[in-house]
Structure formats: structure tokens, C-alpha cells
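Have a look at this one.
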Amino acid sequence: MIDAVVYTVEGVERRDVDSVEAIEEAKATAGTTWVRVVSDDRAEFERVAESFGIHPLSVEDIHNGVRPKTEDYPNHAFVLARTARLRRGETTFDEEIRSESVGLFVGPDWLVTMEPAATDAVARVWRAVDGGDDRALQAGPDYVAYRALDRIVDDYFLLLDDVETTIEEIEEGVLDGPDPDVLEALNTVRRDLLSFRKILWPTREAVGVLSRGDVDEVRSSTEKYYRDVYDHLVELVDLTETYRDLARGARDIYQNTVAQSTNEVMKTLTVVATVLLPLTFVVGVYGMNFSGGPYAMPELGWRFGYPAVMLGMALITVILVVYFRENDWL
Amino acid sequence: MIDAVVYTVEGVERRDVDSVEAIEEAKATAGTTWVRVVSDDRAEFERVAESFGIHPLSVEDIHNGVRPKTEDYPNHAFVLARTARLRRGETTFDEEIRSESVGLFVGPDWLVTMEPAATDAVARVWRAVDGGDDRALQAGPDYVAYRALDRIVDDYFLLLDDVETTIEEIEEGVLDGPDPDVLEALNTVRRDLLSFRKILWPTREAVGVLSRGDVDEVRSSTEKYYRDVYDHLVELVDLTETYRDLARGARDIYQNTVAQSTNEVMKTLTVVATVLLPLTFVVGVYGMNFSGGPYAMPELGWRFGYPAVMLGMALITVILVVYFRENDWL
Amino acid sequence: MIDAVVYTVEGVERRDVDSVEAIEEAKATAGTTWVRVVSDDRAEFERVAESFGIHPLSVEDIHNGVRPKTEDYPNHAFVLARTARLRRGETTFDEEIRSESVGLFVGPDWLVTMEPAATDAVARVWRAVDGGDDRALQAGPDYVAYRALDRIVDDYFLLLDDVETTIEEIEEGVLDGPDPDVLEALNTVRRDLLSFRKILWPTREAVGVLSRGDVDEVRSSTEKYYRDVYDHLVELVDLTETYRDLARGARDIYQNTVAQSTNEVMKTLTVVATVLLPLTFVVGVYGMNFSGGPYAMPELGWRFGYPAVMLGMALITVILVVYFRENDWL
Amino acid sequence: MIDAVVYTVEGVERRDVDSVEAIEEAKATAGTTWVRVVSDDRAEFERVAESFGIHPLSVEDIHNGVRPKTEDYPNHAFVLARTARLRRGETTFDEEIRSESVGLFVGPDWLVTMEPAATDAVARVWRAVDGGDDRALQAGPDYVAYRALDRIVDDYFLLLDDVETTIEEIEEGVLDGPDPDVLEALNTVRRDLLSFRKILWPTREAVGVLSRGDVDEVRSSTEKYYRDVYDHLVELVDLTETYRDLARGARDIYQNTVAQSTNEVMKTLTVVATVLLPLTFVVGVYGMNFSGGPYAMPELGWRFGYPAVMLGMALITVILVVYFRENDWL
Amino acid sequence: MIDAVVYTVEGVERRDVDSVEAIEEAKATAGTTWVRVVSDDRAEFERVAESFGIHPLSVEDIHNGVRPKTEDYPNHAFVLARTARLRRGETTFDEEIRSESVGLFVGPDWLVTMEPAATDAVARVWRAVDGGDDRALQAGPDYVAYRALDRIVDDYFLLLDDVETTIEEIEEGVLDGPDPDVLEALNTVRRDLLSFRKILWPTREAVGVLSRGDVDEVRSSTEKYYRDVYDHLVELVDLTETYRDLARGARDIYQNTVAQSTNEVMKTLTVVATVLLPLTFVVGVYGMNFSGGPYAMPELGWRFGYPAVMLGMALITVILVVYFRENDWL
């Protein structure tokens, strides 16, 4: 799908861009020309690329979904960005973060965007421009590109909000006691943060380049907008690192909870055994069958032998229970 | 709430700034003009901003409470700071540190401060200026801005003092024995330090920019005051890292305490079982009912059979107890 | 084995290079001369090196297989690269990654490649040039060197794909329960990633040098190709770090699985002991042989003594089981 | 306490500096003037400071004991250093390292030193100058300041020697078996190293500034002395990091020792239980009271029943013991 | 011991250098003069130092064995290096790596080497020069210094080979089961790597300085030799880090092996107890002495009571064993 608009402060005009000539004509018209290409067919990208003097390696990068970056060419700036959203309910490896490439080519009076799959972020900006949004019409292609990047980065915050919610749930779950599901949830969060970092860090760098005045196609009046996106990206990097540390903290607590539970189980067992093994021994003694004269268990024949033994055992029990209580084992 | 003063070395004058014209007039008056806006209504910020040529993105940053930073504009410097205080008794996630935004715009002969919520730090400096504090009146808006930042940073030390007290308590608690509350306290401290770091690090950077002579609005005679705040921030970063490491050390000790307790519990159990299982076996033997002739348990009929068995068991017990003592199990 | 071709846009010509004179002649012919040396005999390298003004230390580096690097000499650039592939089924130390040295010397109109062992990557490019590949013939020796490096780096991705598969298997295995084989697999992956890092990091640096326009022998039109390889290498570094972290995560889960299993085993034991030790004690009591009058175990003679004791023990069992169930021990 | 000397190559002269005039006069005298102030009263510092054009913020820094640093003022260099010594026998938090501030102000022909508490390092240099030490008299105030810093840094080595001794003791103690005191000693060392790092790192930076030729008051002939102190500080940083790692290693060993001890205790228990539980069961069998005819425990009446059972049990014991020995459980 | 040679392309001449005059004369002779001092007496170093304008602080550094470094003086370059070799069979703290200082002073046409203890590396180069080695005679003092450094660094590889062998042994030992000796060996390796790092990292820096063309005394034709040594040092740093990580991996495996062993021991104990405690209870039941009428244990009188109970217990055993086998406990 190839769509195109030409816009000036006065208004917006849709263009059909079926042929190379139509693209050339749109480009030549006074005003800013935006050509938006959404296609999983690389050939379509390449056709548009040729009209605007875009290098085939850039198209390849968009198609292959490599790391975000900014490249400054003599007649345009190429920004490769990636959307990122969390896809819940997945269990396969490294697939939790859904991410799409977006290529932005910012010329002096034209903008080309390329999406292997249509993204919400670019679509929204398209609708704004197409609908005649004042702020967009007054500014050049660099401002429209900023709007798209701003939306992409705003979605990153939604992703981290989801991560925060998950970590909150994990922190609560962890204190409830050892549960292997919590452990798996922790590992998923950790993996998500790793995947997200791989998108976030190069994006910060790419937007930083645009905000520092080195790229001709970004006017100095637009720079502060890019700096604003850059600030958000720095904040996102901070948050990501913090969540990584929180995930590590939750893992520590989990490990301690298991260790502590084992400790308590062992105490219970030891108390039970320490109380009952002696008693069992005592009753074992009076179950022996000695019968060889006066020294052979005379207690068995005593009038108060049985009550005395029972009382003795009750006493042992009481003493041990008191002892264990005082030492915090019960 | 919008308050304004105009001050010179000679004295302080309060101004009503209800209208745009009143603001413009106050700004035009000879002397330093300080306009203080405290409001949770962004529109009020924007109204003042326009009079002073402040970019709407700066107002947005204050309102949204983004990371501290310094931005140098042609006609003023924008400093975004954050107060930080520890709010005890909270249990919800990431909410332990209470923090408020403070925006400071330092012009050549004017100062605008914006607070979404009134802060103690700015209020104190306001009272000093309003009350005719000599040092403040003699200096320009850069010095007054320094005073506000200095107070904000001084409060950071109070926060870390609280953290230190908590870690001290944890360190004592940890050695008392395994207690899950200690673990939770540790995690809270760790989370607090992470949150504080997110404020502290960018603040250090923001103040560093002001102390290096690159910002026109900071006079060279005021720079050394900013350098002093910067030194404090460097020290705070140091302290924060140290407390992080101490928290990690406390966690290590806690883990070891649990492991050691389990070790001791197991020793107790093993000692009890090792002493009593053999004895129980022995008395079990003499509880058997064999009766088929001379080889069927003749001991039962011996005159000193019973005393001998009891003595034998006492001997076994003594030997085992001595053995365990020598091996530090008891 | 020494092979040589001379090529121009018009075509390719094979050359015999048995003698020093033949090498000199091939070098002097108009067009690009590529001399490919594959030999485990250093002397053969040195012979060719002398003809092209290559320093003996460079030959030594290729032969000894030191770290990848780029060195810029007055009349040529020396790139030392390493192939890397995973060799499964090995158990000896540090030998899992099979890696070969490739030396590339890029002159103004000549290219010399040296391989101690024939590599697939150079062989493929050789076949392309020898077969008259259009893109290769139109470009200079810097482009052909790029093609070889590009293939080497593409193989790195295959290696990491294998590593990812192994980590996926480990992650699944880890959750099945404690199994020492999983632990050994984890350690192997970790070691592989360490060995690969030792190749990857310096390669990134070496290719970075070539892509920054400082090396005369790399034309500005070829630079963007080297930048593309560089991007891939940056991505590979990212992936390697991510896999290291995933391996660490898997180890954490493994440790927790073992700790949790021990916890559960202990609970089982404690439940069994807590139920049966009291019961065994009770039956022991009624196995005692007291017989000295009315207080000596009168229960033994009661009509419902036996059923009462049996019922009592059943009751104790039920209570304990209910208690343990409520506390999640069963 | 304020002391002052004026010295030249020819000799040393003591001065009374009770009044501001006396200070001014001492300063104006030909030769190098050293004013040493030792006082816990900040006012005394400030009085001297004013005479030498020292900024009040510098005095405040010395008084508050902030991080070591060098600040270059137009007419002098300000060096803030800290002594550090290990104070054994303390148990309160963060108090193990005793540290004092020393402020050094190096002018073109004067030196002012300020100590809130008298330090051994400055006292020794004072005695050397006062006693007419040749090397000191021939050089300027920069050399005397170096002498003081050199002594301070030499004492750091003594501190680390103590730390090393403690780690040695811990490493020996750790292998003796689990002992909570060792754990506490480890934590103390770790905390000491953290506190020391907070002094050491900024000191390295502060001395580095002095050794790089940027500070006017340090003559080029004195620079190599500062470089020597800098080398020592680099070495101290190295040592500190190494000791941190050794402390971590000792903690690892400790954890393993506890885990291993638990492992062995469990083995003992399991061996005891595995041997005795079956035997106790067997003797229990022959303690049953069946009596209903030919199938009711005929073994009890056999002539060799008892010896056979005893032999059988001995056999079981032997087999189990052999089995456990072969599996390294005994 | 002070030895001296003067050499040119034409030949080598030994010189006696007993007196200051003899040294001066040797230095003044046409050709390169190498004075080699081996002595544990600092005075001997200082005597030679004075003749060549070497600063006393440099001599002190060699004598005290501080960190390796390069210092560029107006008339010579000072390189302080350290040999390193592994001394097996030692158990005292921090003493496993044997290391000696070597000071190299490279002048325009002279070389002074100072060794507190004779080192193999310098001795070999001395023998080469003294024996008339062609390559040495043709080059200047910078090349001879390179030769000595090259040998020192080659020995570092031998040291790491030993470390690798030890780690291999540890990795094998670790999988055999928990053994405290393995733990101690691991700690030793870790400590060795830490000590070696303290030598290696500054050496890399020191040689890097020599290879970058900033030091006058190193001719541009010799630089590539220093670059070669530098490459080796970078590789050594890489290896050291890798071995540190391998040591950490081995520790992880060791910890897991102990945890897993404890897990298995517990399973054994639990299986034994779970099978035998119920059986012991059952036989206990039939050992009770109830005798009060028809409800008092009538089973005891049944004809098939005993075989039925025995069968029942066999059945319980079989069921439990099957159950445990299915759950992988046996």
C-alpha cells in the first residue's frame, strides 16, 4: 500500500502514486510531500526508494528489522525505529515483546515512511495530517517525523507500565510462600526487560543524534521536540534498569522464602522427633520381657509404677516444649 | 497562586500580578523580579510562561514531573529539580519516596519558579527574600535559585539519614536470627535507594552544568555556590552507592543466618536420632517373644540381665554425647 | 596453495603465480589483482608478503591466530578476522568453538588474502569473482574484502542461533526438575559465549575502523557496506550479552528448583514423622508389661479399650492430616 | 591554636600571630610563610582565611569534612585531604574508620593549613620545617604541602595492611567451619573498605589535578613528587578493589562450608536412620503377640529362631554399612 | 653487579664500569651503551642513575616494586615492568604469584636496566646482545628494550597456561561431587588472577604509551614491535577476564552439586522413613497387650492373622516403592 499527501499551511491534497512518474510529480509539487508505504513486499519499498535517492541498504535494514539508528545522508536523514508492545499469554522463547520496524526518511521538503506492517503510531499521525491538523501543516517533514517517534516512545511507557504491574504481582506472590509459577513469571519479566533494552538503548542514541543539531534536515526550531523525546528515552532507560534491579530483588526474596520455609519445616520435624523418640524409648523399655529374679524390672510390679512412668513422660514433654518455645522453635 | 516581588539592594516590594500587564510591568521595573507560581493548574503556569518567553515544553516537563535537568535557552536558564523525602508507613509499590517537581527559570534580572505543589524549600527562600534577607537582596536571581536548590539538596541528606537508620536496624535485626520482616525491610530500603538514585543522578548532572560557567545567567561570582551544591550531590551519590552495598551485605548475612540455623537444627535432629534410635532398637530386641528353648533369648532370664542392658544403653549414650561434643555438634 | 586472478569491469583472468616474478607481473597488470594464499606453511605467506610490502609481524599474527584487528599501513590496510562456528559433541576444555584466522591485505588495486586453513567464507567470494560476478568486477579490492567479512559475520549469526536453541532446551529442561546434565549444558553455553565474545568484540572494533573513513584503501562509496557489517556486529554483541543474561537466569531457576525440591522432600518427611511417631508411641504404651495391681494399665482389661485406642489414633491422624492440608504441606 | 613560621634557605623564624596585623606582617616578610591553624572553632579558621583571601566556602568544607578535592583559585590552590586510620574494637555502624579533615592552602610564597583536630601527618611535617629540615627550607610551600599529603597517603597503606591481616584471619577461620563471628568480621571488613573507598577515590582525583601541571602554585620541579603520590593512590585503589574481591571470595567459601556441613549432617542422619529403622521394624515383628495356631509366628518357637534373627540383622547392618562406604556417605 | 657493553653494527665491546668515570666514558663512546645493574642495594642503582640523569624517584619505584608504568623524561624514557610466574605448592596469603621489578631507561643512544633480582628475561636479551645477535646490533636501545619486554610478556602466557590447567582440573573435580579441596583450589585461582591483573593492566597501559609515537626515544620503525607486545597484552587481559568468569562458573557448579547432593540424601531418608515408620507402627499395634474380652485384638487369635498382617505390610511396601519410583525419588 502506497499513500501520499502533499500539504502546505493552506491545506492537504491526496495524491495517487501508482507510477514512478506520479511519485516524481508529487515530490516536485510545492509544499511538503509525505509518501507512506506499508507493505511486506520489499520490492514496493525499493521502487519508492529509487525515486527519492534512498540507498538499498536502508530498505534492507527496515525489512530485516535491525537495531534502531539514525543515518545522515547528503540529501536526507534515515531514522529506523521500532515499536514495542507486550503480548501477554505467550510461552515460546523470546517472543513476548511484539515489535515492528518503522523507517522514516526525512528530506528537505519530503518525508517517506516505510512499514513492513502497518503501525498504530504512524497511522495516527497520518490521520492527523490527512485531517488537516494545524500544528502539522505549519511545520515541515521533520516535525511530522517527530510526531511519529513521539507516539512510538509513548507506547514504550505503556509497555513498562505492564512490566511494573507484573513485578508488583510477583512481589506480592513471592511473600506468600514458595510457588514455582512466581519463579517462571520472574524469568519472563527478566527476559522481557532484556528484549526491550535491545530496542530502547539504540533508540535513545538514534533520537539523541537528531536532537543535537548535527542533522541538516532537522530545523533548529524542531530540535527541542526531539530533545523532549530524548528525555523520555533517558527516563525509560532508567526505569528499565530499576525494574531489572527490582526483579533481582524479588528473586532474592523468593530464594530466602524457600530457604526459610525449609528451615521451619526442619524445626517442626526436629521438635516432633526430639519429643517423641525419648518417649518411645521409655515405653520400649517397659515392653521388655526380662523375668530373671528381683533385678529384672521390679518397676513393672510396683503399685504406682505405671502412673509414675506416665507422669514422668508428661514431665519430659512439658520440659521439652517449654525449652523449644523459649528458643523460638515453636 | 501567583506571588511576585521586585527587590534591589535597597529593599523589597510586593507586586500584584493578576493580569498579564501586571506581570509585564513587574518584569520591567528596575531590580530583580521573582514570580512564584504554585498551582496544580497547568494553564496558570502557561500564562506566566508566555510573559517571560518560556517554552511550553518546559511547563509540560514541570507538570509531568520528568527527570531533573538544566536547559540553557537564549534568554534564560531552565532548571528542573525534584524534592525528595521518605514517607514512612507506606506499603504500596514504588511509593515510599515522596517527591515534588520544582521548575526554576533564571533570567538576567528575573526569576520564575513553578511548583505544582508548594514545596518547603522554595517557601523558605521566599520568606527570606520577602523578609529582606541581606545576602539575597545583594545578589541576583542566580543566587536566589542557588538558595532553593541548596535547600532541596540538604533535604536529600535527611532522606539518607533515615535510610542509614533503617539499615542500622536491619543489620542488628539480621544477626538476631531469621525473620521475614527483616527481609521485607531490606527490600524496601533497596527500592527506596533505587528510586532516590533516579532523582539524584540527573540532579547532579543538572547542577554540574550550572557550576561550569557555560550558562550565561549564572554569574561567575555565584558559580562557586553551585560548585558547593555539586560537591554535595557527588557525596550523596557516593553515599547512595555505599548504602546499596551495605543492603547487599545485610542480605548476604541474612541468607547465611538462615542457612546456619538450618544447619544447627539438622545437627540437633541428627544427635537426637543417633542417640535414641539405637537405644530404641535395643529395648525392641528385649521385647521380642522368642521362647523356643535354650537359645531363645536366655538373657531375659539372667539375674543381672536387666541392669546390664540398662547400663549398656547408658554407656552408648555417654559415648555418643562425648563424640558429638568433641565434634562441635552439641 | 597460491591462486591469483586479475579482474577489470570487462572480465577475469587467472594467473599462475609460482615465482616471485609471476606475482610481480600479476600485480603490475592493469585491473585488480587478488592473490589468495591458503597454507599451513608460514614460509609461503612470507614469500607473497615480501612482494606486496607486507610486514612480517602481520604474517606472524595470522599464523598465530591473535585477536581480530585492523592496521593501517602506508600502502595497504591489514584486516585480521576470525571465522567462528559451533562444533557439537566435544567435551574437552575451551574447544567448543572452532575458529580460523583470515588475513586480508587491501591495497589500492590489489588484494592479498591469507588463510592458514581454507575457509568457506573466502572460498565463496573467490568463486563469485572467479565466476565473473558483476557487482564484484565493477568494484575494487575493498568491496571484495567486504564481501568476505560479510560472510564471516553472517556465520556468527548461525553460531548464535545454535546457542539460542541450546538455551531454549536448557530453559525447558530446568523446569522439569533438578538434573545435573542441564547444569553441565549451562556451563558449556556460558563458556561458548565467553569464547565467542573474545572474537566478536575485537572484530567489531576492526570493522568499525574501516567504516569511519580513516583508512585510505576503503573508498567512500564502499564505506556504507562496512557500516552495514558494523551494525550487524553491534547487534551480535547485544545478542551475546542477552544470552549471557539468559544463561544466568536459567542457572538461578535451576538453583531454585533444587532448593524447592529439597523443601518439598522435607515437608513429606516431616508429615510422615509427625503422624507416625505419636501413633508408634501410643502403641508402645500398650505394649508395656506393667502388672502390679489396680493402677497398672487397667485400660488393657477394659472391654472397649482396644477399639477406643484404635479410634483415638485414627482421630489423631485425621486431625494432623487436616492441619497439614490447611497449611499447604500436603 | 595558630602557629606560624617564616622560612628561607637560610633559616626558620617563629612568629606570633595573635592579631590580624601580625598575620599580615608574617605574610609580607620575605621567605615562605606557613600558618598552621588547629582548632575546632570555625571562627578561628575564618579569621586567618580572610587575611589570605580564602573563600568562606572552603573553610566550611574543611569544618564539615566533605570529600577530598582540589580547587584552583586565582591566588592559591585549595587541597582538602582526609587522614584515615582503622580503629579496632568498635561495633557501631560506619564508625570503624577514624578520619580527620586537613585543609591545605598553597599560595605563591605562603601555606596555610587548617585542621579541626591536630593530625599526626601535618605535625610531623611541621616539626621537620620548624627543626630546619634542609630539603623543606630549599623548596617552596608546594613541596611542604606534598610532604603532608605524602604522609597522609602513607598511613593509608597501614590501614590496608590491617585490612589484609583481617582478611587473612577470616580466610583461615572460614575453612575451620561455620562460625557466625567470621561472618560478622567479613561484614566489618566490607564496610571498612566501602568507607575507605569514599576517601580514597576523590583523593586520587585531587592529587591527580596537582600532578598534571594545571595548578600554578605547584612548580614544575615539584610535580613529579605529586605524581609519585598519585601513583601510590592508584595502587591503593587497586588494592582496595582486590581486597573487596577477596572478601567476596571468603563469603563464598563460608556459604559453601555451611552448605557442605548441612550436607554431611544429613548424610549421618540418613545413614543412622537407614540402618536402624529396618532393625527396629524386625524386632517389632517378633514382639507381636499372635497366638492363633500353627501360622501364628512359628519362628518364635524355633530352636535357632533368635540367633537367626540376630544374625540376619547383623548381616543387614554390614551390607548397608558397606554400601554407604562405597558411596562415600561414611 | 654492574655490567656494560658498547655495541655498533660492527661489533660488541665489554666495558668495566667500576667508577663513575668509567661509566661516563662508556656512555660517551660512539655506539649504543647498555649498562645492566643487578643489585638488591639501592645505592648501586643510585650511583648509575646520577651518571645518566635519572631521577631518584624512579630508582625508588624500582626498589619498592610499584605498579608498572612508562614515564617520559626530557632525555630518556623510564619503563617499569614486572615479571610474573606462578609458584606452586605455596599456601600463605597473596604469595602465589612470584613477581620481580625490572626498570628500563631508554636514552637516545644508551640503555640502563636495573633489576633488584636478576631476571631470566633481561638475562636472555643480554646474552643475545653480548653474543653479537645481528638484529640487536643493527637496532638502537629502544629495540633491545622491546626484546626484554617481549620476553616478560611471553612469560605471562606461561602463567595463564598454568591457570588454565588448574581450572580444567577444578572443572573436572567439581562434577565428581562436593570436595572442600576443590573449593580451596578455586579460591587460590581466583586470588592468583586478581594478583596477576594488578600487574597486567598497568603493563598494558605502559606498553601502549610506547607504541603510540609519543615517546621520542622509541623510533617509528620500532613502534610496530611495541604494538605487537601491546596486542599480546590486550589478549592477556581478555584471557584473564575469561578465566575469572570460568572460575565463577565452576563455583556455581560446585554450589549446585552440594545442594543437589543434599537433595538426594534427603530423598533417601524420606523414602526409608516413609516406608518403615508405618510398618513399625503396625507391628507395634500387634505388640499391645489388650486382653479384656472379645473386642480386645481378636486378630491375634485368628488362624491367618499373622500371615495376613505380614502380607499387608509387604503390600504397603510395594505400593510405596512403586509410588516413589514413579516420582523419581528412587
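As written, the chains take the letters A, B, C, D and E, and residue 1 is the first residue of each chain.
One rule holds in what follows: a residue touches a chain if its C-beta (ideal position, glycine included) is under 8 Å from a C-beta of that chain, and two chains touch if they have at least 3 such contacts.
Keep in mind that this is a model prediction, so the values were computed, not measured.
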| item | value |
| --- | --- |
| Shortest walk length in steps over touching chains, subunit A through to subunit E | 2 |
| Fewest touching-chain hops separating subunit B from subunit E | 2 |
| Turn needed to bring subunit A onto subunit D - CA fit, degrees, nearest 5 | 145 |
| Subunit B-subunit D separation of Cα centroids, rounded to whole Å | 24 |
| CA centroid of subunit C to CA centroid of subunit D, Å | 40 |
| Residue numbers of subunit E (touch at least two other chains) | 255, 259, 262, 266, 269, 273, 277, 280, 284, 287-289, 297 |
| Category of the chain touch graph - line, ring, star, complete, other | ring |
| Successive chains around the closed ring, taking subunit A as origin and subunit C next | A, C, E, D, B |
| Residues of subunit C that touch subunit E when the two form their complex | 55, 57, 61, 66-67, 69, 71, 93-94, 177-178, 180, 183-184, 187, 190-191, 194-195, 198, 202, 251, 254-255, 258-259, 261-262, 265-266, 268-269, 272-273, 276-277, 279-280, 283-284, 286-289, 297, 300-307, 309 |
| Interfacial residue positions of subunit E with respect to subunit C in the complex | 164, 167-168, 171, 175, 224-225, 227-228, 231-232, 234-235, 238, 242, 245-246, 249, 252-253, 255-257, 259-260, 262-263, 266-267, 269-270, 273-274, 277-278, 280-281, 284-285, 287-293, 295-297, 328-329 |
